């Protein structure tokens, strides 16, 4: 441990953690409101989850169990390194099992396994401002949030329908939180939007480069915006997971060869593995016993 | 439709401007301007650049806090409200429902990167319209009224000519049936033939809808064609006011006579 | 309603600020009244102020002194002091005016130019167009021109559009500023007939007519404008 003796627990100094915790508490008190915070330099580039890592570092304690997913997967570079980072600087236990984790840091997915009381989901957010694409002025977007002027959000959805015949936004789909603030749920697929609604878990969002933190407390109403004649709909997949046969889950496309071969598998790797362990088999999958 | 104009005009003024002054430090923007505007009435504010007419327009359209004086408006529920005692939320709501503002440069009043239909529909969505089909058909109707073909509804204003952009800006403002529209040099920067078409269109819309309007212009021909009444400004003050054709045909003040005599006759 | 308009002690002059404040008095002590069903004619050489008087009565020129009392909506209004809004209402409902020249509006058809005073007063658009068509027909304006904006018409054609526009309303007072100036004999006669019909309908008319024949045909009384000449000429 001598090589990290110069680091404080969980990398950030205590003053910084206090500052970030204050921002988090304010975010929880005003669900969906973007709280500015003094984002720190982290030992990783922007875009690799500096906001999420700072939030996690500020709330994590020695007894926490951390899970990190990247697009649903526990085994990608980003997820593996962040897990290693916290093992090193906080000496905490890590897991890939959703049910065992107390803190789940995520990039762009919500686990298929419903979250429960006491769990915290930390999102890595690249652009927190849902109005940004149509209104470049920060002063103006802040005013629009303050005065609840959200017509512009529907302009974006209108454009979608005008161009595509339906609301083509499939990720970062805007939601209204507790009937007040319109929020960008980070680039999660809109498939996951309904999971945010009345979730038992505390949901925290950290945008490092943009220096914003926002939150959804447990059991909060989260409604996806839509039109009366074009209601919000989640993506549906016309097939089950090729490995575990799960239906009504979010699937990733996997290219198998250079002749057009491909398959669709659960984006949530932990969920998929558990199903296969329980004996579910998809059309291209093998039973777990056979793999071993 | 015009029947309303004369009857409504008897209901009393819509806007009361009392002793409005705006100074920028030692420099005067406008000074001690007072007038009333009645429903259906079009007032032209003329003067050369620097005369304070745009400052005045901004002061009475809630875009610039006056140094002193007051601006009161009769709301749709007939109550009088003082503009700068309203909350910002109320003022902004007024601006996008019962009021309109037509900028000289259409890019200042349009969202250049969203379609014409969304530009027209934005105000509807802002006041809570959540039916795509209705919003779209209203937008098509308004594009037609400003002489833009319905098949341009999904084009961005970037692809429009200057005259079309200005007409789109007008449609975007009028879609919520405002009772008062502010216009800042609405025909400035357009070719003469395009100007004539726009003026004629504006003239028709203002008359058909019974709109009250305040038009800032340095072009006396625009004032003659659009307005009932005129205010001539010089050095921040109103120096002459009256019926538009009276001011233009029998100007009293030296400066007004100079302005009128400076018009090129063709 | 026998005397819908009374002018008393009206004075008018111009101050030419661009020429060193030169004062040009035009008329003073102008006093006369108009009778319903009669046509009064302003007489006197050109430059005597006939047109200025007409323009003051229409609110187009300012009035320096005196009163112009008009019966408007059952009350008496002093046009010399009336607010612009009131002047516009008087023009819409009470005083009509046929000017010497048509001020053309781009892109509006001749028919709509003529119908406009009726629609502006709240009249039905189709009914107004029918009346406009009937007048243009009487004034022999070729039908092919009706749907065109009058900007490119000849002087005589424009003048006939202008006359139709002035005569279309039922205003109780009608001011005529040389309405026959550029008309041929046939159309001059039409105007004389139109004036006679207005008189029949109880309209009070006041006109300036250069044409001796027309003047004699329509005038019930002549107001000598030279009697309103300013007594003191400014230095």
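Here the chain labels run A, B and C in written order, and each chain numbers its own residues starting at 1.
Going forward, a contact is a pair of C-beta atoms (placed from the backbone, for glycine too) under 8 Å apart; a residue touches a chain by one contact, two chains touch by 3 or more.
Predicted model, so just to flag it, every value in this text is computed and none were measured.
Taken as a contact graph, the chains are arranged in an open line, each linked only to its neighbours along the path. The most central chain, judged by the distance from its Cα centroid to the centroid of all protein Cα atoms shown, is B.
Rounded to whole angstrom, the centroid-to-centroid distance between chain A and chain B, based on C-alpha atoms, equals 47 Å. Chain A and chain C, compared by their mean Cα positions, are separated by 78 Å.
The distance from the centre of chain B to the centre of chain C, each centre being the mean of the chain's C-alpha atoms, comes to 32 Å.
On the chain B side of its complex with chain A, the touching residues are 88-89, 92, 111, 113-115, 117-118, 121-123, 125-127, 130-133, 135-136, 153-154. For chain B in complex with chain C, the touching residues are 2-3, 5-7, 9, 38, 41, 196-197, 199-200, 203, 207, 225, 228-229, 242-243, 245-246, 249-250, 252-254, 257-258, 261. Interface residues of chain C, counted against chain B in their complex, comprise 14-18, 55, 59-62, 84-85, 87-89, 92-93, 105-108, 119-123. If you check the complex, the residues on chain A that touch chain B are 134, 143, 147-149, 151-152, 154-155, 158-159, 161-163, 226-230.
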